[in-house]
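In structure tokens below, several structures.
Both of the next two complexes hold chain A, though its partner changes from chain B to chain C.
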Partner chain A sequence: MTERLQNIARKIGGPLYSNRRLIEYYWQRTQRNKLAVLGLSFIAFLILLALIGPFFTLDPTLVNFEENNLPPVGFATEESVYNIYTDEFTTTEISGTWKHPLGTDSKGRDMLAMIISGARISLQVGLIATGIAITLGTIIGVLSAYLGGWADNILMRFTDVMMTFPFFLLLVLIVFIFGPSLALIVLVIGITGWTGTARLLRSEALSLRTRDFVTAAKALGASDGRVIFGHLIPNVASLIIVIATLSIPGVILAEAALSFIGLGDPTTTSWGIILNSGQQSLDTAWWIAVEPGIMLFLTVLAFNFLGDGLRDAFDPKSNI
Partner chain B sequence: MGKSWLRDYIIKRLIYAVIIAWGIVTITFVLVRVGPSSPADKYLANMAASGQDVSQITTAIEARYGVDKPIFEQYADYMVNLFQWDWGWSFSTSMPVIDLIKTHWIYSFQLILLSSLFAAFLGILIGIYSAVKQYTKIDYTATFLSFIGISIPNFWLGVMLILLFSVKLGLFKAYYDTTLPLFSLENLKALVLPVITLGTGMLAGYVRYTRSAMLDNLRKGFVTTARAKGLPERTVIGKHAFRNAILPLFTIIMFDLGSIVFGGAYLTEIVFGIPGLGQISFNAIFADDYPVVVAVTLIGTFLILMINLITDVAYTYLDPRIRYD
Partner chain C sequence: MNNTILGVSHLKTYFFTRRGVVKAVDGIDFELKRGECLCLVGESGCGKTVTALSILGLIDSPPGRIIDGEVRYNNLDLVKCSPKQLRRIRGKEIAIIFQDAQSALNPVFTIGDQIVEQIRLHLGMKYTEARDKAMTLLKEMGIPSVERAMSYYPHQLSGGMKQRAMIAMSLSCDPQVLIADEPTTAVDVTIKAQILDIFHELKAKRQMSLIFITHDLGVVAEIGDRAVVIYGGKVVEMAPVSKIIGNPKHPYTAGLIDCLPDISKTTDRLASIPGTTPNPIELPQGCPFHPRCHKAMEICSQQQPPEVRISEGHEVSCHLYQ
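What follows is the complex of A and B.
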């Protein structure tokens, strides 16, 4: 099994996989960009949090009205309670407890647990949908460049048509018609999000197609599939990595935005859904809207930093 | 030789746009029909739940939709109606969809217009300044802030602005006041937070693009020539370097308008309660009002098609070297 995986990695990753020194070289170049390293660290932290966090936190769906609207540790809020016997408002100060380090929401659910659960969903959506989009984009882009002629024409016209679709409005329409489910959201983002990748990779593959190593491979009798998967795609692997890293934030944001307007999967606790409920209680419990937003912002920022650093590292023309 | 090729090109692109529009209308028609429940079903379920006479409404809806007819006839009717500006009936607001759109488009328009102007003006200025002062503290600060601006989710920024300026400081109203006259100072004040919300992401993007486009040009030979001629630095930057950076910037701004701004405006309207097209679509989603949701999607698509066409034609004026044959 591992051998099989290694084979696949060697084939697709090509130079990046088989040449350890190349990876080291790129890694050193990436390291020179401090912000990229910072981004990578945050992403690693987030993945760790999403993987093992749920074993240490409370149940994110556990409702407890006795402890609702608790502020995070270190903060305090005032709560006015009307006393029907004395006909007076008594104001009590509530401060955060370590039982709920990030406070609780209006239903008394633990914010920390909800945030970690949301990290899981955002990462899942980001990685899977980007995976689908990048795979489609790579195949369409490289195939289009390699085949040329009418096939190229048809594929690129199709890409143009897909590009004119207002992506977000289409997403809203489809989720509205078929009902909100995470799988559907991921699928739609993946199937509609490949156009930019296809265009970039096509132009890259167009210049590769005429290079000597492709001609040599063909002269040695390599099949079309072998030229595409064994020679063209491995040589655009670095570009694919950069595009993937820079596409993830957009995907995560799209899911969060959908959830925020109430079209998220109601069976999940995603950051967008928490934010939605947080907007309704801004004046009583500000942290419900603040916390998932900060996480969303930091995640997007981290991927942008990393993607930018990788782009510079992979670009032989930039001298960093 | 004139610009006869341009006329041919525009005609070609118009035909192309019509084909795409037809494709999109067809896709939405199919999506609505393939969907798990028909528009009438959802509406009827709601009506039945609120205790109204279902049979009466059923007859009305069936007549309205012509659901008893064969599917191809329905499709043909749908297309013909679209062309005759009959975009269906909005159940939730009890008015024709087209009238609903006519009363609400202006709110989206003013938001998008003001945000785009705000973002383009400030973004280009900061971008130029940042490029001219490359590798100074100002440049690093601008670059770092633009990263933050690009990464900040605009709907969350909106919520945070409300929290800070409306809930805590009480400087602005948390909700857009729809009774204000459009061309008034109060209306402008009410739009401050929404414009910042929608404009920040765009602004940050324009700073980055302007900076890199300017840096590209500042390294070129003609800039050195202009400086060698003894032209003042203002002229070198404004007339020589910036003019050549306009084309790539124009592409980005127009592309943004189509892809990011429509989605962003949709969310911004919902956050601030601005009654634009995004808000009516949002309300329609919760009222299961199909025709409105479909209409807003179609309008967005048609506008993007038009913007793309205008961009391509405008290219030929901005850069006479470009020819489409």
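What follows is the complex of A and C.
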């Protein structure tokens, strides 16, 4: 078992360690795309924020009605209070305080803490659901190409059916039946989102499987599983990395959209949930909806920029 | 007796395509004796490679299928073996070397990793043991600075080096039979000489039984013990190499020998066999060679020629010798 683990570690870590030159080469090519570097920095910042941020912020679930609807630092709003003794409206100006740098929501919860805990959830959703989708897509796509014939036909027609199926409707249906739970949402996004990956990898693997090294591997006694996992999939690894990077934002947006229409997991503070709670008070407390919106916008943009950069860097035919 | 290690009889491998049935191998018989080097000779598309792939059951199906015949190895019929049995034989008992080492090596793994994988798969060695064995093999193949070569990817090696790495990989499990599919075709003459030296050594040191596929009669004369000449998916002549070169009986073999340029004569044009290899979908009736044969008789286009024994170990399929 340890021997096996060591072997896997060697297969993955070995090339990274022994091939610093190649890694450097790819890094240099990626660096030439300034937007990709910007995207990568933002993602790194976000991951750091999600990992250690919650230790430094207030409790995102702490409700405090004394300090509700506080604007962010540097902004001020007016609040009218009706005074029953003078029968007058007194208008007081409320400005943001450093205790709540990004303000508070209608229940007095700290927006900064909520945004950071939302980052954690959105990244989790993005990474786990993409992980499930990419794994399924890779196996189905490469298997389909490798087996060929009727197996290929069945798998690809199944993929077509899955592609045409309105998965958002399925998501709504499942959430309606089983109740909103983040794990369920992630799972459903994962097991419905593999179709594009399968298609792309199938076409790539089709050209690989007729190459001599596949016949050579078989001639030296490799089993079908070894050919698929040991020879075909490593050859499409760069494509898998690019597809994964580019499909993370879609997944994050899907979760946000679901939360926005009120089908998100109410026990979490994902960006979509905050967005949803802020939409009613857009005229009085705009920051509640705008802040998670900006974060979503930047995150999606960052992943897309990085994916584009990686695609160009991994493509030996592109001149950058 | 029984010094035959691999026997191929009545082997027929057809490809069922949309345009018709391609009879790539149409009834081939030969026997490989222990420790000998048997050459399969023929033009492009005559079925040499398909024969080699059929022996190991590597024909892509569909469209290909072994229709008939058997491949005997150690009381086993490889045609009827289960995939699992075949996998244990491939690489460990019978290994194959491909023509183009560049495409036969996986581009994303180092040479070392690929040889080690092969050794571990069949011999169940630990990584470090397998690594040592791989390095010894590469050293034997005459690769300099083995330690570094192990960490090279295929594209970082020259053609000759890649071919040697391929041979090292094939030999890593000490196979009984080694099939070499045109190992000298894609390399230049100096490398060719070096690779032939390696094969000479294999024969001398390891008593390896070799099937050497080539279209180069010079290579056959250099390395072969016996030769099987194939035309249109059929064996036309089988004899010891000295007889094939010195006293060819079949008009096709004779034609091939005539095509070799002779350095002692000056000629304007090199000799050639008129016409091209027949379309394997519509092989000619009778003897497949008769449309190009200058000695063709009426019977040649009607009946398949029988196998005729000229002398001990020299058989020819031609109506001329009946």
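The rule we apply is simple: the second predicted complex is superposed on the first by the 301 of 320 C-alpha atoms of A that agree within 3 Å, B and C clash if a C-alpha of one lies under 4 Å from a C-alpha of the other, contacts with A are read in each partner's own complex, and residues count from 1 in each chain.
Going forward, a residue touches a chain if its C-beta (ideal position, glycine included) is under 8 Å from a C-beta of that chain, and two chains touch if they have at least 3 such contacts.
What you see is a predicted model; the values in this text were computed from it and never measured.
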item	value
Contacts of A:G179 with chain B and chain C, given as first, second, both or neither	first
Which superposed partner A:G149 touches (first chain B, second chain C, both, neither)	second
Comparison of chain B and chain C by chain A residues contacted	B
Touching partner for A:L301 - first (chain B), second (chain C), both, neither	first
First (chain B), second (chain C), both or neither touched by A:I261	first
Touching partner for A:T164 - first (chain B), second (chain C), both, neither	first
Touching partner for A:I47 - first (chain B), second (chain C), both, neither	neither
First, second, both or neither for A:A219, with chain B first and chain C second	second
Touched partner set for A:A237, first chain B, second chain C, both or neither	second
Chain A residues touching chain B - in the complex, by the definition given at the top	35, 161, 164-170, 172-174, 176-179, 249, 253, 256-257, 260-263, 275, 278-279, 282-283, 286, 289-290, 293, 296-297, 300-301, 304-305, 308
Of all residues in chain B, those that touch chain A in their complex	20, 23-24, 28, 31-32, 35-36, 147-148, 150-153, 155-156, 159-160, 162-163, 167, 174, 258-259, 262-263, 266-267, 270-271, 281-282, 285-286, 293-294, 296-297, 300-301, 304-305, 308
Residues of chain C that touch chain A when the two form their complex	53, 56, 58, 62, 87-92, 95-96, 98, 100, 103-110, 113, 117-118, 121-122, 126-127, 151, 166, 169-170
Partner chain C, residues of chain A touching it in the complex	3, 6-7, 10-11, 14, 18, 149, 211-213, 215-223, 226, 230-231, 234-235, 237
